[in-house]
Structure formats: structure tokens, C-alpha cells
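Quick one: the structure is below, questions incoming.
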Amino acid sequence: MGKGRLEAFSDGVFAIIITIMVLELKVPHHAEWSDLIHLSPVFLSYVLSFVYVGIYWNNHHHLLHATKSVTGGILWANLFLLFWLSLVPFVTDWMGENHFAQVPVICYGIVLIMCGVAYSILVRLLIKHHGEESLLAHAMGSDMKGKLSVGIYGVAIALSFVHPWWAAGLYGAVALIWLIPDRRIERKLSGSETSV
Amino acid sequence: MGKGRLEAFSDGVFAIIITIMVLELKVPHHAEWSDLIHLSPVFLSYVLSFVYVGIYWNNHHHLLHATKSVTGGILWANLFLLFWLSLVPFVTDWMGENHFAQVPVICYGIVLIMCGVAYSILVRLLIKHHGEESLLAHAMGSDMKGKLSVGIYGVAIALSFVHPWWAAGLYGAVALIWLIPDRRIERKLSGSETSV
Amino acid sequence: MGKGRLEAFSDGVFAIIITIMVLELKVPHHAEWSDLIHLSPVFLSYVLSFVYVGIYWNNHHHLLHATKSVTGGILWANLFLLFWLSLVPFVTDWMGENHFAQVPVICYGIVLIMCGVAYSILVRLLIKHHGEESLLAHAMGSDMKGKLSVGIYGVAIALSFVHPWWAAGLYGAVALIWLIPDRRIERKLSGSETSV
Amino acid sequence: MGKGRLEAFSDGVFAIIITIMVLELKVPHHAEWSDLIHLSPVFLSYVLSFVYVGIYWNNHHHLLHATKSVTGGILWANLFLLFWLSLVPFVTDWMGENHFAQVPVICYGIVLIMCGVAYSILVRLLIKHHGEESLLAHAMGSDMKGKLSVGIYGVAIALSFVHPWWAAGLYGAVALIWLIPDRRIERKLSGSETSV
């Protein structure tokens, strides 16, 4: 089964998730600079989530680039990932509107963990489908960065009991780690091309 | 006429329907766990509908994969299906906000029945266009699962007069049946490829 | 210049326009059948507009199917059409919420007229680009149906001064005329294929 | 790495940004012509932003048409552009609802400047990737029009301290300059084709 429509549908959902978050930036009723300052936690929360959804789209792009075909199970693993990503606008807004209060910050972390878990299920199913000796399997390696991220989210949730801003800081730090695109696949792919 | 834009447009509508439903998860004004618990019927309703729209996208994907070309009538049958699917966010939200009260639960069932009917009209037009002896016609067979689903929705609506949760349970049960992707087409397609 | 991205972008806008209209179907706060009956003018208005946007997507699909390449001017003519179509959700909701009152009904007609005008500008630019002797030019012919529709919208606006429902009825009648897909292009295309 | 999904994702985001702006055109609760007149600043603001997003889509289309492949950095430069474009609906609505008051008008200008800066970063990365001697580099030239636009936005922000409508007028003037599509690339591309 081809991967064309999986990419098209996922691109659509990614595009909508990343864009509808801006609808939560409720327009203030007055036109002063102070009105904008009141929005700053919501805006900060928006920027963080925009970067996260951008990272997932970027990695998803790289991952499927190395994919040749998909199965029914992979379609559902992809939908499971999109489900958790679809909750990002909700927790983003809740966290922003409550000025990074503890409970929404924890929920944001839980959604990030579930996105990470869903992504690694998708990776594992793709590797299983293409074979452990495939280019894709080599390119993904042991996925240290993915496992590390989920660990940091866990630490962040624990630290939110000290102060929620510690957790928010860690979410931002993980985003920075990932802002560097997944060069593993790029390198392996170009490596294999030059070796031909 | 090619099927490319039909797929692209449908993917767009599917992606939007599945994503705008999350806009109905209204962000609570406070930041306690109890605020989240109050949202649980809306969330449950969202999960059910996400799975249903996912199922339809998945089956639509399989169906059009086995399709070679489309006619004007098929374009309209597809729009008729998308129309009923577009009502899913409305009934989802109504059912969730009213904690699975009887009237919204019945309406949810009616929309599911109409989606099922619209899907089978689309299947029938595609089979008619490709011929009764086509791979597509063989792959769809007698569509027992589709007919059974519409029957169960009818039973669910009847049972909603006893208690609406019986109906909701049956909607969930049908979703579970369909979570197994439509292997009929997959099997036939791969079968015909090996026999060549 | 290829037509691929023009189609992809237009499909996206069509998909969003046709889907966000359902967001205007505000979920009632109670769960009785009577709540649904109060929504009926909004629902009727939604159905009418869904059919109209579906018709435009369908005709746009046929039109670009017969198109080989596009120019900068054609991109802008297409955006001009999408602009007027983007106002359809606004007038749809205004007309529905005010139970087909005169002023919104007139505005709905004006938007329909502008969509029709924008579509015929797009057609004219495409014909000019492909040449008066092209398949596209022959397929479009004198565009009687398009001119007739704009005329009927004008009559409908005039009749809205007698009673707005006359206008609404005429809008519905034009939609019915167009529900029959644009067989002109289909016929010419298949005719030219058989003659080769 | 291919440019297919970059185009598909960007088209999705462009399509959503240009369409959700109409959601801010809140439907008046009454059905008189005067209700429509009250909406006129919001509508004017919508038209301006529709044209701007259309211009960016158009130029993006031309730019990527001349692109052969992309890198991870280019994906992020593109997301940076989409981020600033995603703020357009917010400033559009804020400016419209406050009848072009000074602070929102300044913010609108800042978003336009950032979009211009992000676009030229994207152009520079694409030129660097394709080489200074590439068709793309020649086609973009010194990007006078882009630099001029950012300069005019700066003047507009300064003039908003005299009167905000001066700024709004300049935003409109820049849009008019750009409404003429980017013929530089078109000409160079067709020029190089005829010289082959």
C-alpha cells in the first residue's frame, strides 16, 4: 500500500493543529500595549506548542521519507499519534490561560509523553514492516533522543510540584534539543547514496 | 477522470472534521483536576468520534486505492458522504455536553446510519463504474460488516429508550469491530498481485 | 507553470470553507427535539451552502482537469473566486440565524453573483491562455448555464422585496440545476479521446 | 530531500490561515444594513489580510517552483515564515475590531515586517543551497521589492504616530505593489528555456 494519502492526510491534520492554536489567542477588546502584555502567557504557550508541532511534522517528514510502504496497523499507529497531537491545542490554551498553573502544566507534560510514546510505536511498526536490516532501522538507531525526551518530561512533571515554571522550562529545553532536525536519517540516506 | 483531486479534497475534509472536534473541548476557566473530570463526557464523546472518523478515512483510503477512475455521480456520492460526516462534530459535541442524554444519542445514531448509507452508495457506484467482475467488486463482497453496523445502530437507537448508555455502548462496540482495517481489499489486492 | 499547487491550495480552501460552516451550527444547551427544531433555519442554510460549495468544487475540478498550465493572472483570478467563496460561511450563518430575513438573503444573493462573476473571469482567463481553438474553449461553449444563474440570482434579489423566501427558493432552484455536473467538459474530453 | 511535502504542508497552512480569518467576521445578531456597516472596519481589515496572505502564497509558489531540493534548515526557515503568517489572523481581527487604532496598527506592521524578514531568510537559505550561480539566485536578483516593502512598513509604523490611517494606507499601497506577481522568476525561467 502506498504512503501518499497517509502523508497527505497527516499534513492536513498537522497544518490544522498548528493553525487552530492561534484561534485561542483571543483578541483583546481594547487596543493598548497592556492588553498585549496580559496575553503574554498564552502567547508563550502558543510559541512552545508551535515549535513542538513543527518538530513532530519535521520528524514525521523525515521518517516517512525513509518509508517505502505502509500497512493497516501503521495507518492506525499514525492516527494514534495524530490523536495525541490533536490534544496539544487544548492543553496549550489551558496552560496559557491559567498562567502556567500546576495542573495544566502536568497535563501538557502527559500529552507530550503520550505523543512521544505514540511516535515510537509508529517508528517500531515501520521498522518491523521494513525489516531490522533496512535503511530505516539503521537510520533510527536506538532512538536515544526520543527516550531521553520522555524521561525529561517525567522529571518535568515531578518538578512541577516544586514550581510549575521548572516544568515549563524543561519542556522548552527539550524543544531546543529537537529543533536540530533529525540528521540521523538524512546522514544515513546520503551516506548510502554516496556509497552506491 | 482521475481520482487524484477527489482524494486530496476528501483528505482535506477528513483532516478538518477530525481536528475541529477538539475545538469543542472548551478550555475550563480554572486549573484543577476537577475541571478536567467535568469535561470527561465531552472527552469520551470526542474519542468515540475521532475513532469513527479515523475508521471512515481508513476505509475510504482502502476503497479508493482499489479505484481506477471516477465519474460525476461518484463525486457527488462522495460529497454526500462528506456531508453526513461533517455533522459528526455537531452531534459529538451535543451528546458530550448533555452527558449522553437520550435525544442527542439518538441523533448521533442517525448520523452514523446516514454515514453508513452514504458510504454504501459510494461503494455501489464505484462497483457499477468498474464492473461487477472487477477486483473492487470482488474485494467488497456482500459488505456484511457494513450492513451489520447499520443494523446495530438501529438496535442502539431502540435501546436508547431503555437507557442512552446502552446505545453509546453499542456505538463503541461497532467502532471496535471496524478498528480492524478493511483487510478484504488488502487481501484481494495482494492475492491478485501474487497470482500474476 | 504547472497547475499542481493551484489545485492543492484550492482543494484546501474548498475543504475548509465547506467544513467550517458546520461550526456555525451552535450546539443547543438543552437536549430536546425542540432545540433541534429551532436550529432548522440554520441547518437549511447550511445544506444550501454545502451544496453550492460542492458545486463550485465540482466545476472547478472539471475546469482545471481540462487545463494544461496557468499564469500569474490565473492564480489571482482563482484567489478572487476563493475570496468570494470564503464569504459564503458568513452570509450562510447570517441568513440562517435571522430566519431568512430580507437583508441577509439579499447579501447571500450578492455573494452568489460575485462567485459566479469570479468563476467566469477565471474561465475567460483560462480560455485566453489556452487559445480560442483549444479543447477547453470548445468545452465551455457560451456558458449559458453560468449566465442564466447570475440572471436568476438578480431576479431572486428583486423578489426578496416581495418575500425573502421567494429568493431562497430561487437559490435552491439554481443549485438543483447545477447538481447535474458539468457534462460539457466531460463529453468533449471523452469525445476528443475517441476521435484520436 | 524532495520538496513535495514542504509544499503540501505549506499549502495546508496557507489555506487555513486565509480561511479562518473569515471566522472573525462575527455574524451580527440583527439583520439590517446598518449591522453590516458596523462590520466595515473588520471587513476592510479582512480584505487587506486576504490579499497579503494571497501574495505570500503566490510568491511562495513561484519560489518553490524554482527550487529543486530542500534541507532541514530550509524546513525550519519555512516554519518560521508560517509562524509569523499564523499571527496575521490575530492582528487582522484586533486592528479591525478597534477601528484601526494605533497600537493594533503598529502590531500589524510588526507582523508584516517579520513575515518579510522570514521570507528573505527562506530565500537566502534556498539560494545558498542551490548555489549563487543557480537559476534561482539569478531569478531573485537583489530582491529590491522585498527590501523596499520592509522599509515602507517601517515608515508606516512611524507615521501611525501622526495618524494610524496613514499606516493602513501604506500597508495597502505595498499590497498593491505586490499584487503584480513575481514575474522575475517567471521571466528568467522562460528565458532560460528559450535559450536552451
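First chain written, first letter: the chains are A, B, C and D, and each begins at residue 1.
Convention: a contact is a pair of C-beta atoms (placed from the backbone, for glycine too) under 8 Å apart; a residue touches a chain by one contact, two chains touch by 3 or more.
These numbers were taken from a predicted model, which means no experiment stands behind them.
K.L.:
From the centre of chain B, which other chain's Cα mean sits the farthest off?
P.N.:
Computed centres place D farthest from chain B.
K.L.:
What is the Cα-based rotation angle between copies chain C and chain D, on a 0 to 180° scale and rounded to a multiple of 5?
P.N.:
90
K.L.:
Is the contact between chain B and chain C built from the same residue numbers on each copy (over half shared) or from different ones (under half shared)?
P.N.:
different
K.L.:
Between chain A and chain D, what distance separates the C-alpha centroids? Give it in angstrom.
P.N.:
The answer is 27 Å.
K.L.:
Where the centres are mean C-alpha positions, what is the separation of chain B from chain D, in Å?
P.N.:
38
K.L.:
On chain B, where are the residues touching two or more other chains?
P.N.:
Residues 8, 12, 15-16, 20, 23.
K.L.:
For a test of understanding, state which residues of chain C touch chain B in their complex under the given definition.
P.N.:
Those in contact with chain B are residues 7-8, 11-12, 14-16, 18-20, 22-23, 25, 27-33, 35-36, 47, 50, 54, 57-58, 61, 64-65, 179-183, 186.
K.L.:
Inside the complex, what are the residues of chain A that reach chain B?
P.N.:
Where chain A meets chain B, its residues are 1-2, 5-6, 8-9, 12-13, 15-17, 20, 23-24, 72-73, 75-76, 79, 82-83, 86-87, 89-90, 93-94, 97-98, 101-104, 107.
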